[in-house]
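Pasting the structures here.
You will see two complexes here that share subunit A, one where it goes with subunit B and one where it goes with subunit C.
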Partner chain A sequence: MSFHSWLYLPCFLGMAVLLYYCFPLKYRFLPLLLSSMAFYVLCSRKLIVFLAVTIVSVYAAARILDTFNEEFREKKKGLAKEERKQLKKQVERKKKAVLYLAVLLNFGILFVLKYGNFLGENINQALKALHVGGRIPVFQFLLPLGISFYTLQAAGYLLDVSRGKYRADKNFARVALFLSFFPQMVEGPIARYDETGHQVYEGHRFDYETFTSGLQLILWGLVKKVVLADRANMFVNTIFKQYEQYSGIYIVAAAVLYTFQIYTEFSGCMDIVRGSALLFGIQLPENFRQPFAAKTINEFWQRWHMTLGGWLRDYVFYAVSFCGWYQKFSKNCREKWPKFFGGWISAVGALFFVWFGMGLWHGASWKYVLYGMYYFALISIGMLLAPLGEKGMQRAGISPKSAGVQIVGKVRTTALVCVGMLFFRAESFTAGLSMLKSVFRDFSLQPLLEGKLLGLGCDGYDFAILGIGFVVVSLVGAWKERNINVREKISGFPLPFRWGVFYAGLFCVILFGAYGFGYNAADFIYAQF
Partner chain B sequence: METLMEILKELKPFVDFEKEEHLIDEHILNSLEIMTLVSRIDDEFDVQIPLVEVVPENFQSAKAIHRMIVRVQEEE
Partner chain C sequence: MEKKRKGNLGICIRAAAFTAIFVILLILAGHFVMPKNNRDFGGYAKGGFYGYPDNVIDVLAVGDSNAAEGIAAPMMWKEHGYAAYVAGEPFQTVSGVYETVREITKKQTPAVLVLEVDSIFQASGLKGMEDMVKKEAEYYFPVFEYHNRFKKMKWSDLTTKKTYAWAAPYNGYSPSNTVKPFQGEKKVDEKTIAKPIPKSQELALERLRGLCREKGMQLVFLSAYSPKSWSYDKHKGIAEYARKNEIPFLDCNLESEKYGFSPEEDVRDGGTHMNTRGAIKTAKVLGEFLKENCQNALADKREEPSYEIWQKNYERFKRDVLIPYKIKE
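Now for the complex of A and B:
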């Protein structure tokens, strides 16, 4: 059930909202839980059993971890520092056993279902290359909806309870709803328990402002998805499907338009998701913060798919960097190498796990692993060259905050992201490489000036809509970057203008949406992850 | 506080840590620098910063970092 379908928006969501507000405040979690389970069964049928295993195992493991934490808190009272340390070690050992078991079970399910096929094929290829007889059986499993999202959310909850960030929840329904809240099931955002756990459970009174904010956000998301992303998809598809026939400006245009497509689509989906949640009075975390305003690749990833980046930072990067063996490695690096270089090696070592995980999370293919490695290389090189850049600018008397430096940074970051997206969208890594090479083989602006890009899936009318859409999305982004709340700003306008904006959005979706004869409505790209 | 200021100056020589109050919000310190900073704090103050303390609020300013070190030292 796609979020931009008639089945979801007016039917399923409408019924769920109606049911929610029909129940007494105290029991509003019930229709929400029921809707979430119904949504899951409608989309994934019997595969709901995997979600159930995750909910039950995570609930139980968190409760056990919590008892260990409480045991430590009670027993440490009155103990000397050394005794406290000893006790802490004992408790940590017990906690690790439970934590590893629960994490292994849940990541094991994800690994077998999502990566088992990929691993099996690679082992078979290795056996063939080594001239070893026999093959291991390779199975293609059906992937339960949102498994990559809810598994990370579940692991985050467990790790937070284990670290003592908050207590484990005793309420099973609350944990179940936190892990299965239906708007988040398709593309996230990957929320933290302390952000949404209590929100999804507690009953919310109907609030006109929040409700209309939700509807407006859904409308804005639909405009981005149906009018812009699906339209850009038609040109992008044409070029990427027959990439051997194109080179130069055609490939550049396809990479730029795909970047625009994936941004409008993913952020549009997040708007629909966050808007849907607002209809129940629930605030979900933001996943995008004007990513193309980033001056460095590092900053880009603090603004793009923020909840995944934050998850990898807190539960992979910090977990690796602060664990015992890595601390020893870091110390050795700092002592054996010159100070800056030693620090760089130790940071880059921890970053490798983050970017390997980031790549693999996107899909079971070497293309995605190399996509992660592309960003790993860019960030590692960027860190190495940063002091040189800072010194150079200081000597030249250029302020890093000057407009020129900021613009150069933004253009460079956007160009590097477009290259990354080219590989992300390409059929395979080698196809991406071939496309990148062909850009330099015969680059000329002539096809663009002669209008030869028209008719490749998009005509002049489509490009005009994409152009206007680009300007509107950029303007909204620029306002948000200046901390201007666009919806509040619009609601401050006189009534006719205010309604004019909303009707314009609605008619945009109806009149300019990329559906109907000659158009193919595309599924959400991130839904496959 | 002096030792902490020395570590911070070494990490980011061009930043005025006496005045800056939004080191994380304004992207002055990133996660890589926090990792180095925490390792240096471990070395210099002989204190292990637990992961639960590695949150933006504890790294927004030199004062906030110092408050966290003192708190963790007391709790250990």
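Now for the complex of A and C:
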């Protein structure tokens, strides 16, 4: 059930909200849990069994981990330092066993269902290349809805409990709701238990301001998804489907438009998701913070899909950096290499796991792994060259804060992101490579000036709408970057003007939305991950 | 407390006013974007029924492309004197059929509704449910269906009155002279398990049957000859539903040889759609079937002066299609 569909917005969400506010405050978690389960069954049918396994296993494992933490806390009192150390070791060993078991079970399900086929095909190809007889059977499984999102959320909860960040929840319904809250199910955001766990469970009173804020956010999300992303998709699809026929400016335009499409689509979906949650009085974390205002690739990833980036930072980067064998490796690097270089290798080594995970998380294909590696390479090179760049600017007397440097940084980052998106969207890595090469073949602005880009899925009207949309999205982003809350501003307008803005938004979606006959509306891209 | 109550009342009034204005604007926008001429509706001959005189359609055939291209309705007039009209649309679902019938029966009083059953499997699951909601919204607010016409709009469209005078030729049927034979073979295995009708479509069928009861129409199922897309499990699923609900069901595929359908000559695209030769055979077989199963509801209207449009339609069909395609009547 797509979030921009007729079935979700007026029907499912409408009924869920109505049911929520009909229940007494104390029991409002019940309709929310019921709606979440209904949403899952409607979308994934029997595959709900995998979500159930995750909920039960995570709840039980967290409770056991909590018992171990408590046991240690109780027993350590009055013990000598050495004995305490010994006890901690024992408890840590037991905790690790439970944690590994639960994490392995959940990631195992994800791995088998999402990556089993990919792994099997690669093993078979390797066997064939090595002229080894026999093939392992390869199965294509149906992927349960949101498995990549809720598995990370579940693992985050377990790791936090294990680390003693907070205590395990004794309330089963709360854990179940935290892992299955329906607006988050399809595309995240990947929330932490201390962010949303209690929020989703406690009853919220109807608050007019919050409720209308939610509706406004949903409307803004619809504008981005239905009017802009789905419209850009028509041109992007035409070029990427028959990429062999195009080169030069056509490929550049497709890569730029795809970058615009995926941004407006994913951030639009997040607006609908966060808006849906606000209707219940629940605040979900933001996933985007004006990513195209970033001056470096590193900064871009701190603004794009922030909850995934944050998860990988906390549970992969730190986990690798602080584990025993890696600390030994880092120490060795610093001792054997010059200080800067040794530190760089140590940091880059941990980053490798982050970016490998980031790539693989997006899908079971070498294309996605290489997509992760592309950013790994850019960030690693960026870290290596940063001091050189700083010195160069110092010598030339250019301030890194000057407008020129900032603009160059933003343009360079956007261009590099567009190249990454080209590979992300291409049907395979080799197709992406061939498209990139073809940019430099017969490059000319002539087709653009002669209007030859029109008619490739989008006509003049479509490009005009995309152009206006680009300006509006950029303006809203620029205001947000200056901490101006556009929705608050609008709510300060006199009623006729305020309503005028809302009606304009509504009719923008209704009249200019790329839906219905003649349009091939796309499903949400991130929903497939 | 009093202040809070007043505040809540204010919110309710504001919400009601906002919604009311929104609905009015939706209706106005619908008037603005809707085609001003019924030739511009698109599809096969969508909106072509508006140009027919009131209460002259006795047999209304609905469905997807298999209906629009599969029933040469003018031949039903020629053979049996049945005033039949085909309102088929590409990829039409049962929900779409329901809205079409609802619109047509505002001015027409058909005695028999023939549903080409391919529509039943056009949507399933959530897509089917979604389709039902969407079609309902489009029925009340046409702006959702015709919004994309903003590209063709002129300011004069605001003031231009609608002229829905065009009557679709050939009783809504879409002719074709192309022949591309079907290469496969028909598979009928008695052990085949019936394919159940998708729940969403069953719900839509219930609504359609309710509409038939309300308007006094007899519902008939037809599976037009389509050797490529027909399957025995679908046939069994539909036959089971038809039997349970006492709906006469004519399947031109199951006994295609008996009815004289030829996979070599009667299809235009390798077996999915019929050409005019096949569609004429369907019209004849269907006419006989209706004569047997709906004899109380239908009558030969060839002598009635108010039905003269059908004779004209048949003559035009003969002139434009039968003679150029060299098809003997």
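We adopt the following convention: the second predicted complex is superposed on the first by the 529 of 529 C-alpha atoms of A that agree within 3 Å, B and C clash if a C-alpha of one lies under 4 Å from a C-alpha of the other, contacts with A are read in each partner's own complex, and residues count from 1 in each chain.
Criterion: contacts are C-beta pairs under 8 Å (C-beta built on N, C-alpha and C of every residue); 3 or more make two chains touch, one makes a residue touch a chain.
Keep in mind it's a predicted model, so treat the numbers as computed, not measured.
Enquirer: Overlaying on subunit A: subunit B and subunit C, fit or clash?
Expert: fit
Enquirer: Tell me which partner A:343 touches in the superposition: subunit B (first), subunit C (second), both or neither.
Expert: A:343 contacts subunit B only, not subunit C.
Enquirer: For A:11, is the partner it touches subunit B (first), subunit C (second), both, or none of the two (neither)?
Expert: second
Enquirer: Between the C-alpha centres of subunit B and subunit C, what angle is opened at the C-alpha centre of subunit A, expressed to the nearest 10°?
Expert: 170
Enquirer: Using the superposition on chain A described above, determine whether A:57 touches subunit B (first), subunit C (second), both, or neither.
Expert: In the superposed model, A:57 contacts neither subunit B nor subunit C.
Enquirer: Based on the superposed arrangement, let me know which partner A:499 touches: subunit B (first), subunit C (second), both, or neither?
Expert: So A:499 only meets subunit C here.
Enquirer: Name the contact category of A:512: first (subunit B only), second (subunit C only), both, or neither.
Expert: second
Enquirer: Based on the superposed arrangement, let me know which partner A:461 touches: subunit B (first), subunit C (second), both, or neither?
Expert: In the superposed model, A:461 contacts subunit C only, not subunit B.
Enquirer: What's the minimum Cα gap, in whole angstrom, linking subunit B and subunit C in the superposed view?
Expert: Shortest inter-chain C-alpha distance (subunit B to subunit C): 39 Å.
Enquirer: Taking the two structures together, which residues of subunit A meet both subunit B and subunit C?
Expert: Overlap of subunit B and subunit C footprints on subunit A: empty.
Enquirer: In the complex, go through subunit B and note every residue touching subunit A.
Expert: Those residues of subunit B that touch subunit A are 10, 14, 27, 30-32, 35-36, 38-39, 42-43, 49-52, 54, 76.
Enquirer: Per the contact definition, I'd like the list of subunit C residues that touch subunit A in the complex.
Expert: Result: residues 11, 18, 21-22, 25-26, 29, 33, 42, 126, 129-130, 133-134, 137, 143-145, 147-148, 150-151 of subunit C touch subunit A.
Enquirer: Which residues, counting only subunit A, touch subunit C once they are in their complex?
Expert: 1, 5-7, 10-11, 42-43, 208, 459, 461, 499, 502-503, 506-507, 510-513, 516-519
Enquirer: Which residues of subunit A touch subunit B once you look at their complex with the stated criterion?
Expert: Against subunit B, the touching part of subunit A is residues 81, 84-85, 163-165, 298-299, 302, 313-314, 317-319, 321-322, 327, 330-331, 334, 339, 343, 346-347, 350-351, 383, 390, 394.
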